[in-house]
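One chain, chain A, appears in both complexes that follow, with chain B as partner in the first and chain C in the second.
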Partner chain A sequence: MKVCVGQVTLPGDEFDMSPLESNKKIVVGPGLAEFEGMIKIIKPGILRYREPATYWIDSHQKRYVANKGDLVVGIVTQKVGDIFRVDIGSSEQASLSYLSFEGATKRNRPDVKIGDIVYANVLVANKDMEAELVCIDSDGHSNGLGVIRSGGFLFQSSLHLVRKLLNPNCVLQKTLGKTFEFETAIGMNGRIWVRAQSDIQTITMANAILASEHMNNVQIETMCKKLCKVASKMD
Partner chain B sequence: MRETPLSNCEREFILKCIAQHKRLDGRSAYDYRDIRIAFGVSLGCCHVELGKTRVLAQVSCEVGQPKQTRPHDGVLFVNVEMSPMACPSFEAGRQSEEGVELSRLMERCLKESRCMDLESLCIVAGEKAWHIRVDIHVLNHEGNILDCASIAAISALAHFRRPDVTVQGEEIRIHSMEDRTPVPLSIHHFPLLVSFTFFSQGKHMLVDPSEKEEKVMEGKMVIGMNKHREICTLQVTGQMLLLKEQVLRCSNIAVTKVTVITELIFQALENDKQARLKGEKHGFAELVSGEKITSNKQPVTDVPVSQAMEESEEDGSSSMDSDSEESESFTQHASEERKVEILAKGVGMIGDGGPSKWIDLTCDDDHAESKKSTKFKPELIELDGESSEEECQVVLDAS
Partner chain C sequence: MATKRSSAQLSKNVLQMKFMQRSALRIEQEQNEENLQKIIDDEHWALDLPDYKTKESVFLKDQSYTFCEQLQYGRQSFKGCNPDIEKIMKVKLQEQQLKASAEKEKLNSVSDVDMAKRYSTLMHVIAKKFEKKRKRKTGDDVDGVDDSQAQTKKSFMKPSDDE
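What follows is the complex of A and B.
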C-alpha cells in the first residue's frame, strides 16, 4: 500500500514518491529505508514531513538508539581506566572520557561515582561502534552538561513523550512552571530528571509528565491546573 | 541483556520518600495496586494483572503413574517461566536465582500447604493417577511477581476442570468434555502469598513493592496465608533483623489482604461461571479493550494526595486522565465513599476511599464487605488500593 504524509503506516508499506518532482532530493529519516529503488516503511507509526524535504515515521518507542548530537541522561555503571561506562538505555553502553568534563585535566580528575547520573551530549554514534559521550561543548564549557548530583528524581518515559516535551509548542513545562519552581534535564533517551522544591512537588511533576503522554495542550492545561491546586494544599 | 542500573539519585529519592511515608505511585504503605483477574476461554487459564505486573497461569492434566512413595495420591507440578519478555534481564531457558526462589515459594505455597486434595486425583491405586501441572508465565515485571503469581496459580486451579473418569473392573474410561461434564479439582483452601519489603533496618515497611522499591529494599518477608488465617509459608530474605512484633504485625496485615483478595477471586470465578452459563462472551477477548491506537494510554496516575483531593472541589480525584470514560466513572465512585453500589455484574471494586482499617482486626469482615462496589466491564475485577489511609502507620515501632 502506498502511504502519504499524516497516514498511519505499517512495516512493508511503500512510500508514495509520485507527488514529488523527479529529481528532487529528499532526506529519509528514521523508520524509512530504501529497498530496490523504492522507499519502504520499516516501523509502524505515522508518516511525518518537515520542510524542505525530510520524511520520517513517528512511532511509539522505548528503546533508545544513539544519535549524534542528542542530549542524553545516562547512569555511570563502571570506571575503566580513563573512561566511564555509561548506561544510556541503548543496546550497548556508551563511553565517557574523564577528560571530557569542564575543567578536567590529567591531574584534576572529575568527581564521578558509580551510580551517578550525567547529562551528556552524544559525540560519536555509529552503527557498529560504541557510542561516545562528552560533557563539554567544542569550547570546553559545560553549558549545563555534567554530573547531576543535587537530589531530584530520575524516571523513564517513552521516546515519543520526550520529543513531545521538547517541542516548543508543548505547554506542559510552561504551565507547571507557573506554580512550581523546578529544574529538569530531559534526555532524548527517554530519561527525565526533575527536581522541584519539595519531594511532593517532584513526585507530582513526575506524574504530570508521564500522564501528559496522550493529551493535547488543552487537556494538559486542565490537568496541570487541578494538580497545582491539589499540590498547593499539600505543602 | 543487562538490566537498567538504579542510579544513586533514584535510590536516595525513594528512600527519602519512604521515610516521609510517601510512595511514588501515590499509594500508602499498606496498599496493593489494582488487581485484575481474567479467565481464558479454555478452563484453567488465568491472567492476573497487579498494576502493570502481569502473570498468566495455565493448568493442564494428564494421566500418569503416581509416585511410588505415595501410591494413592495424584501429582501436582508447579513450573514458573520467566521469559525475557517480562524483563530484559531475565534469560530464556536458564533460571536465575530469583526464578529459583520464586518457583520454590510457589511450590511451597501450593503443594506443601496441601490446599488441593491429591487423593481425589487417584484413579487406580499405584498405577494410574492424574498429574496436574500449573505453568506460570511472567508476562511483565513491574515488581511483586510473587503475589501476582500466587493469585494467578490458585485462581487457575480453581477454574480448572478435569475430564471425568469411570473405572469398571480393569477398564478405565476417560470421558471427553462433551460426554460428561468435567469435574473441578477439590481445593480445600486458597493459600495466597503476601510480600512485605523492609527499608532502613526494618524501620519502614511496604506492601506490594514496585520494581524500583524492590531494588532499593533491604529485606523481604513473604507470608503465605489462607482466609482462615492459617499461615502456610513464611520466608524472610535479606540482611536484616526483624522483631517479633513486626512479624506479628505483618501477619495481621496479611490476614486482611488475603481476605480481600480471596473474595476477589471468588467473585471473578463466579462472574466467569455466570457468563459461561448464559453463553455470554468470556475469555481474554473481553479483557482487551477496543481502544486500538490509544491502548498505550496511561491509566489514571494519582498523585499521593488522595486525602487532599477529596477536599478539593473537583470531585475527589486528580482526574489526570480526562478523556477516558473509565476514569470518570472511577471519579464518581471515589466521591461516594464506601457505598456499596452494583451497576452491573462484572467488576468489583474494593477499597475505594474512606479511612483504612487494615490493622484493626476487629472490623475485618465488615471492612471487606462494605468496601465493595461493582463497575461496568465484564470479567474484570479490580482492587483499588487508593484508600486514604488516615490511620495507617508506616513506621513500625522498633522499640
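What follows is the complex of A and C.
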C-alpha cells in the first residue's frame, strides 16, 4: 500500500518520495529500508518528514537498537582487559575502551568501576557486531560524556518518550527548570538519569517525566504548575 | 631451470663453436619465449570488460533519530545544579542560534545566479562611470544622429585681428 507523510504505516508499505534536485541526497532514517531502489517501511508508526529531504518513522518502541551517533546511558558490568562491557539495553552489551575517556592514557587509567553509570556516544553500531562506545568527541573533550557519579536516580522509559523530551519543542524540562534545581542525562536507549536537590524532588522529577509521555505541551505546563505548588508547600 | 643456469655460464666463444650451434639456437628460442611471456603477463591480469559502473545511491541510509528529529543534547542542568553542563548547554544554544541566523541570512540574501544576472545588466552602466566625461559624451552620441559633428575635434579658434 502506498502511504503519505503523516499517515500511519505498517511494515511492507511503500511510498513515493518527491523527486529531488540533482546532487541532493534523500536522508532515510530509522524505520525505512531500501529494497531494489524502492523505499519500504519496516516499522509500524507514523511517517515523518523534515525539510529538505529527511524521512523517518516515528514509532513506539521499548527495545533499543544501537545506532551510530546516539548518546546513551549505560551501566558498566564487566572489566575485560582493556575494555569495559557496558549494558546499554540492546541485544548485546557494548564495549567501551578505557582509552576513550577524557585525559586517559595507557598509564593514567580512568576511574571506572563495575556498576557505574556512563553517558556515552555510540561510535560503531553494526547488526553483526557488538556496539562500541566512546566518552569523548573527536577533539578528545568529554563535553558532558563520561561517568556519572553524583547520586541521582536512573530509570527506564520508552524510546518514544526520550525522543519527545529531547525534541526542541518539548517544554517539560524548561518548565520544571524554572522552579526546580535539577540535572538530567537522557539516553537514546530509553534510560533517564535524574538528580535533584533532595530525594523527594528527584522522585518528583522522575514521575513528572514518566507522566508526560502522552501529554501535549499545554497539559505538561499545567502539570508543572501543580507540581510547583506542591513543592513550595513542602518547603 | 638447470639448463638456464648452465647456459648462462657458457661463454659466447664456446657457443660460437660448431658443435654448440644446437644449444645456442635453443637458448635463443628460450629467451624469445620469455620475452613473449613477459608481454602476456601484463595483460593477463586485466580483464577486458566494459567499465563497471557503481550506481551511486540517492539515499543516505541508517541515520539516527538524533539527526532526523534534530534532537537536543541529552544532558541538561537547571538553576545551577551542574555548572559544567550548563556551560555546555549555553555553547550548544549559541551554536544553534548562529546556525539559525546563518540560514535566515541565506534566505534573505541574493543567490549567486541572481547576482550574476543583475551584475551583467549593470556592467554597461558601471563601465560608463569609469570613463572620462568627454569620452562618455561621445559614447552616448554613437547611436545619435549627429555623428559627424561629434567626431570633429574642438579646437581653439583664433580671433581675427581686424577688431
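Basically, the second predicted complex is superposed on the first by the 220 of 235 C-alpha atoms of A that agree within 3 Å, B and C clash if a C-alpha of one lies under 4 Å from a C-alpha of the other, contacts with A are read in each partner's own complex, and residues count from 1 in each chain.
In this text, a contact is a pair of C-beta atoms (placed from the backbone, for glycine too) under 8 Å apart; a residue touches a chain by one contact, two chains touch by 3 or more.
Worth saying up front: this structure is predicted, and the values here are computed from it rather than measured.
When both complexes are overlaid on chain A, chain B and chain C end up sitting side by side without clashing. In the overlay built on the shared chain, the residue A:Lys113 is in contact with chain B alone; chain C does not reach it.
When both complexes are overlaid on chain A, the residue A:Gly89 reaches chain B alone and has no touch with chain C.
When the two complexes are overlaid on their common chain A, residue A:Asp137 makes contact with neither chain B nor chain C. The superposition places the C-alpha centres of chain B and chain C at an angle of 160 degrees about the C-alpha centre of chain A, rounded in steps of 10.
Of the two partner chains, chain C is the only one touched by A:Lys25; chain B is not. By the touch criterion stated above, A:Asp70 is placed in contact with chain C alone, chain B being left untouched.
By the touch criterion defined above, A:Arg48 reaches chain C but does not reach chain B. After overlaying the two complexes on the shared chain, residue contacts for A:Met188 are found with chain C alone; chain B is out of touch. Following the chain A superposition, chain B and chain C show a smallest Cα-Cα distance of 17 angstrom. Once both structures are placed on chain A, no chain A residue is touched by chain B and, in the other complex, by chain C. Those residues of chain B lying in contact with chain A across their complex are 1-2, 4-13, 16-17, 20, 22, 24, 26, 293-294, 296-298, 301-305, 308-309, 311-312, 314, 318-323.
Across the complex, chain A meets chain C through its residues 20, 25-30, 33-34, 39, 48, 50, 54, 56, 67-71, 119, 143-144, 163, 166-168, 173, 176-178, 180-188, 195-197. Remark: chain C residues 57-82, 84-85, 88 touch chain A in the complex. By the touch criterion given at the top, residues 8, 60, 75, 77, 87, 89, 91, 113, 115-117, 148-149, 151-156, 158, 193, 199-200, 202-204, 206-208, 210-211, 213-215, 219, 222-223, 226-227, 229-231, 233-234 of chain A touch chain B in their complex.
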